[in-house]
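Listed next: structures, encoded as C-alpha cells.
The two complexes that follow have chain A in common; it is paired with chain B in the first and with chain C in the second.
Moving on, here comes the complex of A and B:
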C-alpha cells in the first residue's frame, strides 16, 4: 500500500504515532529526542523517514500514523523538492488536519535558498499549517517539540471534544486574522 | 650588518607567534644558546624582535642566514600559502642517482645565468623534501626578499610543489632551472592547488586511503550492535536507504580522512542546451560559465552532502574524481575531447 491513509489501521490504546518526513535525518533525530523529553501521559512512537513512500517491508509493523510533519530546510532546495515529491503519496483525507509543515533554518537568513512565498503557497494549497522554526537552536527545538506534541495529542484523538479537523480550522482562522 | 637584512629579520620575527619565537630561533641555530638566554621572550613582540636583531648584529648576519629563518617559518606555516603541483617528465626510463650537491649547483647556475640578482636558499628535511627559497630581483634591483617563491622537491619523485610569489613572470625561469637541475626534460603544471601542502603530497603520492574494488556481496554486518542510546520509540524507516548512501559514499571517497582542498573549479565551455522555444542565443557558440566550489575542507563537505540529504547519491563523477585524477581545476568541453594536458619544455 504505497499511499498513506489515516484510517486504514486500528488505533493503539492511549498511544500516538508521529511521522517526520525530511531530508536531514540528524536534525529530525534531535527533534524526535526533544519530543520524547516532554512530559506526556500517552505512549508515543516517532518514525523518521527521508521520503515517501515508506518501505513496504515494515508495513505490518507500523502503527497508524496520527500526524505527518514534513520538514523543509529553507537552506536546501533539495529538501523542498523531496517534500513535494513525497506529498503525492499521502491520501487526501490526511490533509484534514493531520499534516503539518515545519520549516527550519530560518535562523540563517543569509543562506535561504527557498522563497517564503513558495512555501506559504504550498501550505495554502494543502490546507495545512506551516510552522517556522530553527531546529539548530536548542530552545526553539524544545518549544517546537512541545507544539508538535500537543498537535499530535489532538490528532490522535486523545483530547476529548477536540478533533484534528477542528484544530486545523482553528489554526487557519487565527492565521488569516 | 646591512640595514635591509636587519629590517628583514625584524619583520620575520614579528610574523612568528610569541610562544614559538624561541623554538624557531633554536631551530635556526644561528644564535647561540647563551645569546638566546639573554632575550626576554615574555615581553611584547616588538621588543623581542629588536633584541633578536641586536644579537644578529653581533653575529654579523647576512641575507643568507635571514633567508634560512624565513624558510623555517614557512615550513612550519606552510598552510598559509597556496601550493601548485608540477609534474616533471623525462624521456627514457633510467633511474639516475640523485646527487644533492649536483642538483643545487646546477639549479643555482641556471638561475644565476639568467638573472644576476637572486637569493637562493636550500634546506633539507627528514622526509626527503628539499625546500628551495628564491627571492627575485631584476638586473638593476636587489632581490625583493618579501615576495619569494618556495619550491618543495622530493628527489625520488617527479613532482614539484611551488608556491609562487606574486611575480609570476619568473615562473618559467624557475621551472627551467628545476628541470635542468634534476635531469628531466619537461615540466607541466597539474591543475591541482591547495593551501595544505601535505594533502597535495597525499594526493600525488597516492597516500590517501583509496577504495579498492573488492567484491562485497552484501554490506559487512559489523554494525548489528546498535549504540546503547538508541531509543526504541524512534524508528528510522529508511535505514536501507541510509546504508546504501553510506556504501556509495565509501566507494567514492574511501574510508580514511580526505586530503584538504579548498577549491574545485569547473570551467564550462559547452553549448547552452535549452528547449527549442527558448532560443536564448542566436549564434550557436559555447556558453562560458565558471562553477567554483569552495570550502575549508572541500572533500569532507562533498562526502557529507548525501548523508545530510542535500544531494542525491551517487554524486557526480566530476566531483568524486578529484583525488583520483589529482586535479581540482577542470575544463569541460563538448563530448569530443576531455581535460587537455599541456607540457612545457625548455
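Moving on, here comes the complex of A and C:
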C-alpha cells in the first residue's frame, strides 16, 4: 500500500510507533537515540526513512504508525523538496494531529536557505504543528526528544481523555493567540 | 534504504527500556487499569473515525447541503463560545483587579491613600453625573410634553379650519339657491308687471275709446292720469 493510513492496522497494547522522515540519516539516528534514552512506561518503536512511500515488502511487519515527524533542515532546500514529495503519500486523515514538522538547524541564521515564511505556510496548509530545534546541540536534542515523546504518547492514545486532534487544536489556537 | 531502515528498527527495538515495571501483585492491577484506560481511548478514536466516515448520502447535492448546514451551525456555535469565553476572561480580569486593589488598600501606605482619594473623587463625580443626567432627563420630558401639546393644538387647528371650510361651502350653496329663488321671483314679478301694464293700457284705451269725458269725473281722471305712469317697480 503506497499511502500511509492512520487506522489501517490494529494498535498494540501500551505501545507506540514513531516514523521519522527526513534526508539526513545521522541526525535522525541521534534524535532516535535521544528519544530512547528518555524514561517512559510504554513500548516504543522508531522507524527512520528518507522518503515516502515506505517499501511495501515489509508492510506486514510494520506496526501502526502513531506519529509521523517530517524533519526539514533549514540549510538545505532539497530536504524541503523531499518532504513535500513525501507528503503526497500520507493519507489526509493522518493530518488530524498525527503529523508534526520538525525544523532543524535554526541555530545558524546566516546559513538559512529556506525562508521561515515558506515553512510556516507549509505548516498552516497541513494544519500541523511546527517545531523548531537545533539537533546538533545536545541539550536542545534532549528537550526535543522529550517533546516528541510526549506528543507520541498523546497520538498513540495512551493519555486517557486527550486525543491527537484535541492536542493539535490546542497547539494551533495557542500559536494563533 | 529499506534494509537500513529495517536494521535500525531492529537495533532500536532491542535497545529500548523495559516497558513494564517489574513488580508484585498491586502493580499488576495498576497495569490493568492503565491498559483499560488506553483501550477506552483507542476505542473512542476508532469509533469517532467510523462515525466520521459513516454519512453516505445517495445524492451528492444533499450531502453538500447537509455539510454546509452543519458547518454553519458549528461556526455559530464557535462564535458564541468565543464571545462567552472573552466575556468570562474580562469578568475574571475585573475580579482580579478588584482583589488586587483591595489587598493594596489594606496595606495602608501613601499609595493606598492616593487610591482612596481617587476612588472618593470618582464617587463624587459619578454622583454629580447622575444628578445632571436626571436634570437632563426631566428637561427632555418637559420638552416632550410641550411638543405633544403643540401637536394636539395643531390637530385642533386643523379640525377647526376644516369645519370653517365646510360651513363656508354650505353658505355658498345656500346663497346660490337663494339667488336662484330670487331670480325666479324677479322673473315672475317682471311678468306680472308687464301684464299689469298691458291691462292698464287696455283700461285706458277702453276709457278713451268709450268717449266718456273723463276730465269731468275726478275719479275717472285720477284713474287715467294715474294709469299714464307706467308701473315702474324698482
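The rule we apply is simple: the second predicted complex is superposed on the first by the 177 of 177 C-alpha atoms of A that agree within 3 Å, B and C clash if a C-alpha of one lies under 4 Å from a C-alpha of the other, contacts with A are read in each partner's own complex, and residues count from 1 in each chain.
Criterion: a residue touches a chain if its C-beta (ideal position, glycine included) is under 8 Å from a C-beta of that chain, and two chains touch if they have at least 3 such contacts.
Quick caveat: nothing in here was measured; it's all calculated off a predicted structure.
Set side by side, chain B and chain C differ in how many residues of chain A they touch, and the one touching more is C. With both structures placed on the common chain, the touch criterion links A:131 to neither chain B nor chain C. Of the two partner chains placed by superposition, chain B and chain C are both touched by A:55. By the document's definition of touching, neither partner reaches A:170: not chain B, not chain C. Within the superposed three-chain model, A:47 lies in touch with chain B and with chain C [touch as defined at top].
Applying the stated contact rule after C-alpha superposition, one finds that A:79 touches chain B and leaves chain C untouched.
After overlaying the two complexes on the shared chain, residue contacts for A:142 are found with neither chain B nor chain C. Of the two partner chains, chain C is the only one that A:161 touches; chain B does not reach it. Judged by the touch definition given at the top, the superposed model places A:26 against chain B, while chain C stays out of reach.
Of the two partner chains placed by the overlay, only chain C lies in contact with A:39; chain B stays clear of it. On chain A, the surface patch touched by chain B in one complex and by chain C in the other comprises residues 25, 29, 32, 36, 44-50, 54-55, 58. Across the interface of their complex, chain C is touched by residues 7, 11, 13-15, 25, 29, 32, 36, 39-50, 54-55, 57-58, 93, 157-161, 163-164 of chain A. Listing the residues of chain A that touch chain B in their complex gives 22-26, 29, 32-33, 36, 44-51, 54-55, 58, 76, 78-79, 82.
Within the complex formed with chain A, the residues of chain C that make contact are 1-2, 4-6, 8-9, 12-13, 15-17, 19-21, 34-35, 37-42, 44-46, 48-49.
Contact residues of chain B toward chain A in the complex are 231, 233-238, 240-242, 307-312.
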